[in-house]
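Below, subunit A partners subunit B and then partners subunit C, in two separate complexes.
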Partner chain A sequence: MKINQSKDDRMLEIVVSVSLAILCITTLYPFWNLIVVSLLPSTAPMSKLYFFPPAIDFQNYLIVLRSPDIYIGFRNSVVRLVLGTILSVIVTITMAYPLSKKYLPNRTFWTAIIVFTMYFGGGLIPTYLLITNTLELTNTIWAWVLPNLVSAFHLIIARNFLSSIPKELEESARIDGAGDFRTFVQIIVPLSKPIIATVALWTAVGLWNEWFDALLYTPAPEMAVLQMVMRRVIMAGSNSFEDALTMDELSYINPENLKASTVIVATVPILITYPFVQKYFVRGVLVGSLKG
Partner chain B sequence: MEKNYLIKPKGFALLKDWLASYRKHRVLFLMLIPGLLYFIVFKYFPIYGLQIAFKDFNLVEGIWGSDWAGLKYFNMLFTTKSFFDVFKNTIIISIYQLVFGFPAPIILALMLYEIRNLAYKKLVQTISYLPHFVSWVVLAGVFTRFLSPSSGPVNILIKTFGAEPIFFLGDNRYFRATLIVTEIWKSIGWGSIVYIAALSGIDPALYESANIDGANKIKKIIHITLPSLTPVITIMLIFAIGRIINDNFNQIFNLYSPIVYPTGDVISTYVYRMGLAKMEFSFTTAVGLSKNVISFSLVIIANAVAKKVNDYGIW
Partner chain C sequence: MNAKKIIAILLVLMMILGATVGCTKNSTSDIKDQTAESKTEVNGEPKKEEPKEEKEKGPYAKYVPDENKVYKFDIVTYIREPVPDDDDIKALIEEKFNVKLNLWNLEQSNYVELLNLRVVSGEIPDMFEFSGQASMAPELYRQGVTLPLDRALLDYGMPNAMAQLDMQKPGWEDWCRAEDGIMFKLPDFNIKPNQQAIIWRGDWLKNVGITKIPETLEEFEAALYAFAHEDPNKSGNKDTYGASTTVMQPVFGAFGAMPFWSFGYEKDFSNTWHIKDGELVFAGIQPEMKDALAMLNKWYVDEVLDPEFVLGENQGGYWAHTHPFFNSKIGYTGHGAVYHWSPPMHNEHQGGPNYKELMLIDPAIAESYVFGVAPVGPNGKKGVSGNPYINITKGAGFGSHLADEPDKFGKLMQCVDFRYSGMENSRLYAGEEGKHYTFKEVTGWDGKTYQLQLATEYGIEVYPRSAERVFRIFTAYFPDSLSDPDLAWRKFMNFGEHIYVNQLDTILPSDAQYANELVKLTSETYYQIITGGKPIEYFDEYVDIWWKNGGKIMHEEANEWLR
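Entry: the complex of A and B
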């Protein structure tokens, strides 16, 4: 009897381990396939399955990296990421502090005003009209960062974190006569590094991946962010590289493989940084799932 | 600090007290202002703009100046066949997502819980979280290639078995299934985090006593692991049901094409095309407002149910 059970358990363990291995392969293989394809020489037949490139050819990458669109996209995405993350973190933490204080007058009301926006909003058209028509932000860098400057969700998480800082830690500064603002800058901000890191990372990933705002509000070619450049390449194929290609190249380049290398070039920054910052994201989710 | 009154102040005295509390905490309140301004301008002004659903909006007259149209655009909702179709698509895709997508991260969490080798567990977690960080724009590039009828690995495999290739992203019979599978592929790992956290709270003593009783692993999963996940599953399920009218604009907008509009066009993509491409501002605002009201009511109901069932609401 006992032996039978442990046999069942062993079976289960094997089945589970193998299933998880299959999941990992399923997750990684589409990316791997794209990497392989991006390295294929243009003469390689497309209708064959490659697990490894038969020969490595960087030609597609050379064309992609020669294209001015990719540079414009990278530059704009980096500008947006840096500016947006800094502004967002400053405003979020500065706002979270008063909301974490029980003695803020009408605290429940001010919190409710923010929480309400998580569940009800004006939607696409009124927001679009506000930004393009009323505020006239079209094709300005402010259209990259202002529409999603503060996330109500991040704000509530930050507020919960700040509420959990023991009051005693502030008291020494208070005794020295520091007001709310000085206490915040000198005591609270240094203690809030974990939540600042979490909010900054979440915001940064969101900004890097955001494309819809750019589609709506910054349609000018010189204002294209990387996601938009990529979208155009994926939708249109090699046409977007026409300027960068010589007549000779146009005749033998495989546009499908060129698309693949564009996607890889744009995704590599995420793939490289991801393993290092992954644990902060997970920690953030766990902080957020606890009720404040 | 709050004052303790024997008799509560009324009228003018109350107002004076109120102003005094703001004066006393003015620095604190000032810190609130930049963020508050953001919410007023970018979140509340669009809510004010929702009135164009009741107006014949034109850009020259603006939100305030346009003439009232009554419920004209809401009546149009019921007479426009295309709206009925996208509403139907939205609900069908959400239900599929609920049936197939909801259990996926739970199963993954249960599997990970059975893995004793910590390094392997971490590896699986790291890999399965990865797609969460990649945008649908990139994934559209990945999947158009991966599922391509001519050069995609999936179809190459199908063809080696002698079957006809399937145009997953361009065939109405397969488009919804493709949406569900790719969404599960993207979110299964990230979605499992909340269940993994719940599992880590189980008291090991429960398993020890089960061992003494001679229970095997399957029995332990059924009688210990699953029951301790029930509260989290209930909450997540209630809120997933509350989101049933919401659709995944990012995913569908990047994967669909006019061929699959009959099965794949949903409320948000419809609002985008009708509103911004065809400039039907008032009609699409009416569509958006109706959706928001339904969605908001569902969240309120979901929250009330969650509180009742589990004593755990979001507010």
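Entry: the complex of A and C
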């Protein structure tokens, strides 16, 4: 490889590598710093910057993990993620499949209706009224799942992917006697793994990070999701809420390292799922987006 | 018709549908109509015709609650953590008053937004706690969501609470009136005086031969120059400065205006207005500020100011930490509020966050810093930013529907009044002694014995949380009880006596259009003049730009509001 490299090429390679490395470090360092801060003992001055913690103390993690709120939040977030992702994938794929068929009557019309929702929404108040008063979903798990069950964007991507599957495959299945449903389940779904993984991952990350709908629709303490619990921990030490602390609290709470460990606890679960779906993920995004 | 036309019609239909969905049965206009009626009802209430037998019992007979009825109250409070339905303190309060409570768990950080959403969707609580935005309470009143209040009725319904209010702040009613003269809320107090910290390195003062804490602007300047040039840390090098970002506030204060909000926003200029000669004026354009800027510019040129002062004193982490002061780079700071710098309040207290942090970095610094006073300027003015005693963003109000249910309102007033009828009664809301709280005797900073009320769950004194804020208007204060060494300390130190506050307690119609731009202009101009990027004469040009770019409109609107 290096035989034919000119001086310019090598220079370019160095410049590119160095700048990418710097970019990489600037992305990773905040996360590293968070880990370091979360491990700091309460006897270490917080106003200093550490590259390695002077001493490692898991006290903060113990405090975080001992709080019952974290488990309630964790359980709710997992329930929401599993239920929401499964339903969302099923609905998205089963809707994208017919839309990918050229012989679907009024195909452009149905597509237009879906695209319409990408540009126009009902606004916060009508949505709130619909979910709380009309559908009466307050403090139920459906309030987390149903309102955003279908994402128009995911649907379009999935439709594009499915229309790239050669129709000859379906025809041969039909010759063998398979009906529409059997064709879909046994031929199409196995071929669509990349797009299913992509949609699932996007939905899962979205559901994991979302907190605003929980704030609106599920205010009961036993319905708190993990991100809400985390938000509360982080907000508690910010300047606008501090007036509400007693001198005792101010003295005993060590907000920064507690916050850091809460953030780590809330982020790591979704972070470790990435490597497992990544190989499908990249393929799904590429294939889905290329054909229109 | 072809497909395209059908689609176009459908799209239009859907948009209309979407726009009207929010305006069905529970729209805001409905609320307005409903409450316009109830408002008139209440305004003329005591004089209104009443059944004869009620008249005999006095005008407030209809406010006597029905003993056999279990009232159900919807209450929204500014809570830190949501209250579960089976909360035991909640149960305790319900039992005590024979009522049912429905507490709205609205997240603190989006309190205003969430409350407005609920109100717009037609849900109105019986009792409100206002928080987060000064304009919230007047807005709700204007929309007819909250009940107009009548002092005579309140005196009848909650005499203890009213007596407490009069004791804590005589004339509080003036802070709670809308433009029509009607009282629309009850006030909440910043019971603990609070202001921006004024902190000197005591050992440095000693090293440069200053024995008295600077009181005038000249003494203030002399101390800062000595810190910068007379080697206060005895290192032999020029490695110190007088002060950094937070020196701006006492200097501006000495000249008579404060273009800053409270602490926590130390380097961010703000849309602050003062009343001057009966007129609201924008703090940033006051002519005295020109002299203040000239002084700061001189300090900058003479290397008395930290050259990095534009960046602010906090470099990440906990917001009240000041890195240049912690690292012995500067000898004066005003970063954070007084409570961040408080020494241990009693024998088991570790001190405020900054004291505690300095104890970890270098106990010598923690032991040596001293609280100063705001320097007196050439015209005798002085002060830093602080909290006024009446907390304008807070307070309590009642739902306007209570006008139609006088007995329920009467019951609600009874429940509220109980909290203010003595120290013992006020403890009901903290739960049961032994179960939810215990008492602990400590020796305070002043050597006196204090009775601390500790939450058993945490083992420390905590701010009332969750159900404890039910039926609360403001913090009760019983002067005889030695229960709060912190309050005693703040009163002893005379904090909050010389403070500047923003006297424009509202949101102007033109704020959205101009306020941010003009504050940005102020901030840029000030920093540029101090660092020498623009000559001091540029200040006049800035004032001119300010007036021409929306300042005039804001000034007019502000003074209209004041009248």
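By our rule, the second predicted complex is superposed on the first by the 241 of 292 C-alpha atoms of A that agree within 3 Å, B and C clash if a C-alpha of one lies under 4 Å from a C-alpha of the other, contacts with A are read in each partner's own complex, and residues count from 1 in each chain.
Operating definition for what follows: a residue touches a chain if its C-beta (ideal position, glycine included) is under 8 Å from a C-beta of that chain, and two chains touch if they have at least 3 such contacts.
Quick caveat: nothing in here was measured; it's all calculated off a predicted structure.
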Which of subunit B and subunit C A:133 touches, first, second, both or neither = both
Go through the superposed model and pick first if A:108 touches only subunit B, second if only subunit C, both, or neither.
-> second
Go through the superposed model and pick first if A:219 touches only subunit B, second if only subunit C, both, or neither.
-> second
Between subunit B and subunit C, pick out the one touching the greater number of residues of subunit A.
-> B
May I ask you to decide whether A:44 touches subunit B, subunit C, both, or neither, giving the answer as first, second, both or neither?
-> second
Taking the superposition as given, does A:274 touch the first partner, subunit B, the second, subunit C, both, or neither?
-> first
Subunit A contact set shared between subunit B and subunit C covers 46-49, 113, 120-126, 128-130, 133, 216, 231, 256
Flag every residue of subunit A that touches subunit B in the complex, lowest number first.
-> 1-2, 5, 8-9, 12-13, 16-17, 19-20, 23-24, 26-31, 33-34, 37, 46-49, 91-92, 94-95, 97-99, 101, 103-105, 110, 113-115, 117, 119-130, 133-135, 146-147, 149-150, 152, 155, 179-181, 184, 205, 208-212, 216, 227, 230-231, 233-234, 256, 259-260, 262-263, 266-267, 270-271, 274-275, 278, 281-282, 285-286, 289, 291
Contacts from subunit A onto subunit C in the complex sit at residues 43-49, 106, 108-109, 112-113, 116, 120-126, 128-130, 132-133, 215-216, 219-222, 224, 228, 231-232, 235-252, 255-256
Interface residues, subunit B side, partner subunit A - complex | 1-2, 18, 21-22, 25, 27-32, 34-36, 38-39, 41-50, 52, 59, 62-63, 108, 111-112, 114-116, 120, 123-124, 126-131, 133-135, 137-138, 140-146, 148, 150-151, 153, 156-157, 185, 188-190, 193-194, 197, 214, 216-218, 249-250, 253-254, 268, 271-272, 275-276, 281, 284-285, 288-289, 291-292, 295-296, 299, 312, 315
Mind pulling up the subunit C residues that touch subunit A in the complex?
-> 3, 6-7, 10-11, 14-15, 18, 21-22, 24, 26, 80-85, 104-110, 114, 117, 120-122, 190, 194, 263-265, 316-321, 323, 326, 339-340, 342, 345, 349-353, 356-357, 360-361, 387, 452, 454, 460-463, 486
